[in-house]
Amino acid sequence: MVDWQIDLIKVIFIWVWALLIAVVMTWVERRASAMMQDRLGPNRAGPFGLLQPLADGIKLFTKEDIIPEKARKILFVLGPPLFALPAFSAYAVVPFGDKIVLGGKEIILQVSDVNIGFLYVLALGAIGVYGMVIGGWASNSKYSILGGLRATAQLISYEVPMGLALLTIVLLYGTFSLREMVLLQQGTFLGFLPNWGIFKQPLGFIIFLVAAYAEANRVPFDLPECESELVTGYHTEYGSMRLGLYLFGEYVNLGTLAAITVCLFFGGWSLPYVDMSKFLGPVSYGIASFMVFFLKQAFFLFLFVWVRWTVPRFRYDQLMGLGWKALIPLGLVNLFVTALLVQLTI
Amino acid sequence: MPRRPVVKKEYTLGERVYLVEITKGLGLTWKHFVFNIKASFRKGPHTVPTCWQYPEDRREIAPIFRGAHMLMLNDKGQELCVGCGMCARACPAKCITVKRGKRAEGEEDKYAGKTYCASFEIDMLRCIFCGNCENACPKGALVLGPGYELAEYDMESCIYNKDKLLANYHEAKAEGKLKPPKKPVPVEAPPAPPKKAAAKKAAGEKGKAAPKKEAKQAKKDEKGKKPAK
Amino acid sequence: MSLKERIKECLEEDLLELTEFRGDLCVEVPKNRVLEVMSKLKKEAGFDFLSDVFGVDNLDLYAAKAKKAKKKTGEEEEEEPKKKEPPPPRFEVMYLLLSLSTNERLQVKVRVPEDDMDVPSVTGIWRSATWPEREAFDMFGFRFKGHPNLRRLLMWDEFEDHPLRKDYPLEGKGEERHLNYDTV
Amino acid sequence: MNFQAIQGEGWLLTKAEQLINWGRSRSPWPFPYGTACCGIELMCALASGYDMARFGAERVAFTPRQCDVLIEAGTITKKMVPVLKRIYAQMAEPKWVIAVGACACTGGVFRTYSTQQGIGSVIPVDIYIPGCPPRPEGILYALLKLIDKIEADHPLYKQRQKVVEALEAGK
Amino acid sequence: MAREIETVCITTGPAEVGDYVTLNIGPIHPAMHGTLRVITKTDGETIISAEPEIGYLHRGVEKLGENLTYKQFLPLTDRLNYCSAICNNVAYELAVEKALGIEVPEKAQLIRTIMMELARIADHEVLVGILGVDLGALTPFFYLIIQREEIYEIFEWHHGARLTNSMGTIGGVEADLPDRFHQKWPKMRDTIRKANDETDRLLTHNRIWMDRTIGVNAFCADDALNWGFTGPMLRACGVKRDLRKDEPYLMYDQFDFEVPTGKHGDVFDRYMIRMLEMEESIKIIDQAYAMYQKLPEDAPLMKKVPKIIKPPEGQIYHAIESPNGELGFFIKSDGTDKPYRIKIRPPCYMVYQAFGELVQGEMISDLIACLSSINVIAGELDR
């Protein structure tokens, strides 16, 4: 196989993977929330209701497509793809496994090991919000524009603590490449703890997680599409597959964020205390590393669902307050202390 | 501008740090999650104890539930209804129309009374299932039965005629869902004499008024015979 | 001192009529003295809580009475609002007052003739009268003088009649509401 | 694809129709237009005890653009009629309407000056549910009936008819 | 009545004139309970002024009542406050019985009390659940609604309907407590408590919930009385007023229960009062049930009333403490079998008219929280 063929396969694989996660997540969210609420959830379409997302997809595809009369047509059409695509693209730099040997060729399980992969992820995360803002503004509805405005403010406030939390990680590992970061997290430190980001940067992890929730617009930070206040927020005027794209993009976004969390704080594909490459064959090692990564990601995806159905929602000003008054100072202190420690130890 | 009380927020440390209480909450939802996951693998349609999977797993309906109407027959299979129209008068929604017919010779095994209802129509879409008609019926002929699956594609099939009402009865009888006989309600006897007099007076008035009214109603029924809509 | 006596003492000559039925006291006061009476009742008699304000249309009541007086027809239920110049005013406005300290209730009645529907508004004394007065305007057509925002409350703005009047048919006169959304 | 396949019971089109119907019937997202008492029973039908979500009727959104089934539960007054009309007009095709309870179907006991005597004269209704209010089971039964109706529908038929007419005109 | 006003009130809120956005919320809006509409002027997210518009569920109940007999009107009272229909039924029955001058037998009173308190629990459960939903916490709603289903089951076995109960009749109740109640109540008491406890654990001490509710829409007791607040809304402001204590009807003077009061009248206090009242209701039911069990099995359930009810000419007003506050029926009788005028004094009507003042200067999210905490039931609001 030639390189470009391998790359193509990897790209297709990652697309399918991202899509699959999003599709399954819609099902998991419905069933898991139902189970937490003492009910059953969709169980009529296919076994255990597994085909429910498919049914939704078919229905949304065959529904009438409405563009409101007074909407900005081009922007209205542009909104949903602009929201969903960056989330997909961010997968490109996610190392979803170590390496696999196929036909004597060593293949790194990552679409592209960009040496500034980390910045790439941050940048794409920021682009995604344009989809929301544009969609909200173009709809020409007051609820939508309120949702869009909220999304903007939320993104600006939470990008900063997220950046601060990530900066500490960069300080710690001294690299921008996600793959190198994962490699640096193997082994243990202090003798017993896995060499993972969460143990070295617990505060940074919490800040990052909260900011990630805010980025993903999940409860308690789902203000842009706050059901009870803004009807459905920025996508109030969207129906049919455009809505489907928004909903879909949200879950792809979740997948990305979960993957990044795993890469940065939970040692990526590596298992603590065990080096899988020593007792597994080259092919099975590749698969196993992917499985480990996937399981970790799945845990975070479930956490997203789990928290959503447990806590109430913030108010707009409280959300801002939490971002600017609590997370940013904490992030700064954390950065300072980390910088000091790094300086002292090296 | 409204006046507002000054509210001081006093939080404990545990409340101040969001995560403690959120973790507790997560524990609670997790408990429910695990319990229900386990329960959902049980056999039978009623898996999660708090959720009834409707078409397969039906909830127990009270025997006195006020559902779709039915016209009762007595043990000999005779129709109890005499077509007096008391139910139509008691109905707050005015959704019942009754036409009275005289029992002909040779129909004794079909109808219990000397008169019967020639036609009996209930507009289910008007009905509010209050049970006033059942209470008003002197013969216990009209009863609100157990049926609750009443949805229809059009309005016409929601107007129940006599056949449908009798069919409701047969269905309920076949399923053994007939209402248990009503217990007589213990009534406190009026102790004071002046009240008695008042009651008598009222009863007397009623006694005088009743035949006239009934006749009038019957006449009206015969004349203005049209569906409720 | 019983409530009756206290009321009598408090209202003096403003008390036109005092009736009692099943323990519920009802006083009638002149229409142009409503504000004074209400503030007096609030300050002196301790009725500091206004439960409700609403109207009553006595058209049928007078008609029935007149009929009964004329001839005892008994069962006839035909409603014929006879325009025979009924001497008492057609409408009543009822105020339900409550004393929070003694838990006593009082009904205050004001008679309003049909040709003069102006009633002083008590919103300055109790703000709780805001919507009830609007509703009474909506349903009967009383014009409460001094009300901050006397508009229709329950029916839509273009509605013309006053539905709770006795001469308005129960099933309405076939009014329908149309909205032009472009202007909203 | 030849002309015959389009004109007759074309296998592909029939399968496509079945697929579309399957998707639509398995995900009837409701618009809970609950105005009065029936709204409470609708809430019960959506909540744990009966869980309408089992049929895919989930994601209760209050924006008409995203819903398929308008569940009109409760009295519609004359003041509300223009709002109802507008909500219905804003919904995207295909759309269905369930009238829950006596008030929505005919006005019920409220034969008064302010109550609309049934929404059937304002918007087309697919299913009528008697009851005041109907039990949650009654609402679910109506939903199942609606699902049957959706499954018997021919979403591509009109399209097909158009193609056939065009081809015949061309011949 | 005891007044405990310890709080300091200050005048707050923006006052400048500016360029504001008019935001129409409702009548079809997820938080507007179906039929309410509020027209707000907003500055960003802050509400400069809010004007509620009602009447979208005005069904003409009062006019209809004048054309129906006393017995026929009873089912209509169900459709006023449909969250706790039984309280409306009993309020109406008590009013007519007052006009007739009769008092129902003791056993009927106890059954009414038990059913009313169950209805109160059901009403409060819905309120707390919906408040949670509107503030973004969906799960407690589902835990509470299960308990409501259990209560509905008892209603159904007692008089044959789940929601629009039409319980009892003028002169008493028609049925004794059902077997279901005897079997279920000991267990149900615990499950209701458990569901409340779970809600409490999910919400009360959660900082997000506290931030969203404490100090939001706080209201002064003086203003509340002036605006005609009653029930939990008034008690949240710190005024200890409960018709069950102050003007006892049925046999409430024989029960031992507390009247919980709040301090500031904010959303949190309203929520807490409802949570505490459910506990008190359970206590009342226990006491009433104990008294009920002491009565002989064939004790009378009904007072003898004529078949056609014709109260003598006159007018009466009778009020009870419904879950929302003072629910009163004014009945003017002209001696015929139909009431001459029926006026219903709905509790949430008085509260909702102050809505503009309640939410002025707060944010859009608070408007939603405020509306949920008032428990506006459109059926009794518009009638």
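Chains here go by letter, A, B, C, D and E, matching the order in which they are written, and residues are numbered from 1 within each.
Note that in this section contacts are C-beta pairs under 8 Å (C-beta built on N, C-alpha and C of every residue); 3 or more make two chains touch, one makes a residue touch a chain.
Just so it is clear, the structure is predicted and the values come from calculations on it, not from any experiment.
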item	value
Mutual neighbours - chains that touch chain A and chain D alike	B, E
Most distant chain from chain B, judged by the mean position of its C-alpha atoms	A
Centrality ranking, top chain (CA atoms only)	E
Top chain pair, ranked by how many C-beta pairs fall in contact	B-E
Chain whose mean Cα position lies farthest from chain E	A
Separation of chain B from chain C, taking each centre as the mean of its C-alpha atoms, in whole Å	37
Where chain B and chain E are represented by their mean Cα positions, the distance between them in whole Å	25
Inter-centroid spacing, chain D versus chain C (mean Cα positions, whole Å)	46
Intercentroid distance (Cα basis), chain C paired with chain A, Å	64
Per-residue overlap in chain E, given as positions that touch at least 2 other chains	24, 29-30, 55, 58, 60, 63-64, 75-76, 78, 139, 142-143, 146, 149, 164, 202, 206, 208, 211, 382
For chain B, residues that touch 2 or more chains besides their own	22, 25, 28-29, 50-51, 53, 92, 128-130
Junction residues of chain A, two or more chains touched	36-40, 227, 231, 309-311
Contact set on chain C toward chain D in their complex	154-156, 163, 168-173, 175-179, 181
Parts of chain B lying in touch with chain A, wherever the complex brings them together	19, 22, 25-26, 28-30, 32-33, 36-37, 40, 47-48, 50-51, 53
Complex contact set, residues of chain D against chain C	78-79, 81-83, 86, 111-114
Interfacial residue positions of chain B with respect to chain E in the complex	1-7, 9, 11, 14-18, 21-22, 24-25, 28-29, 50, 61-62, 64-66, 90-92, 128-132, 135, 144, 183, 185-190, 195, 199, 202-203, 206
Residues of chain E that touch chain D when the two form their complex	27-30, 33-35, 55-61, 63-64, 75-76, 78-79, 82-83, 126, 141-143, 145-146, 148-149, 152, 162-164, 378-379, 382
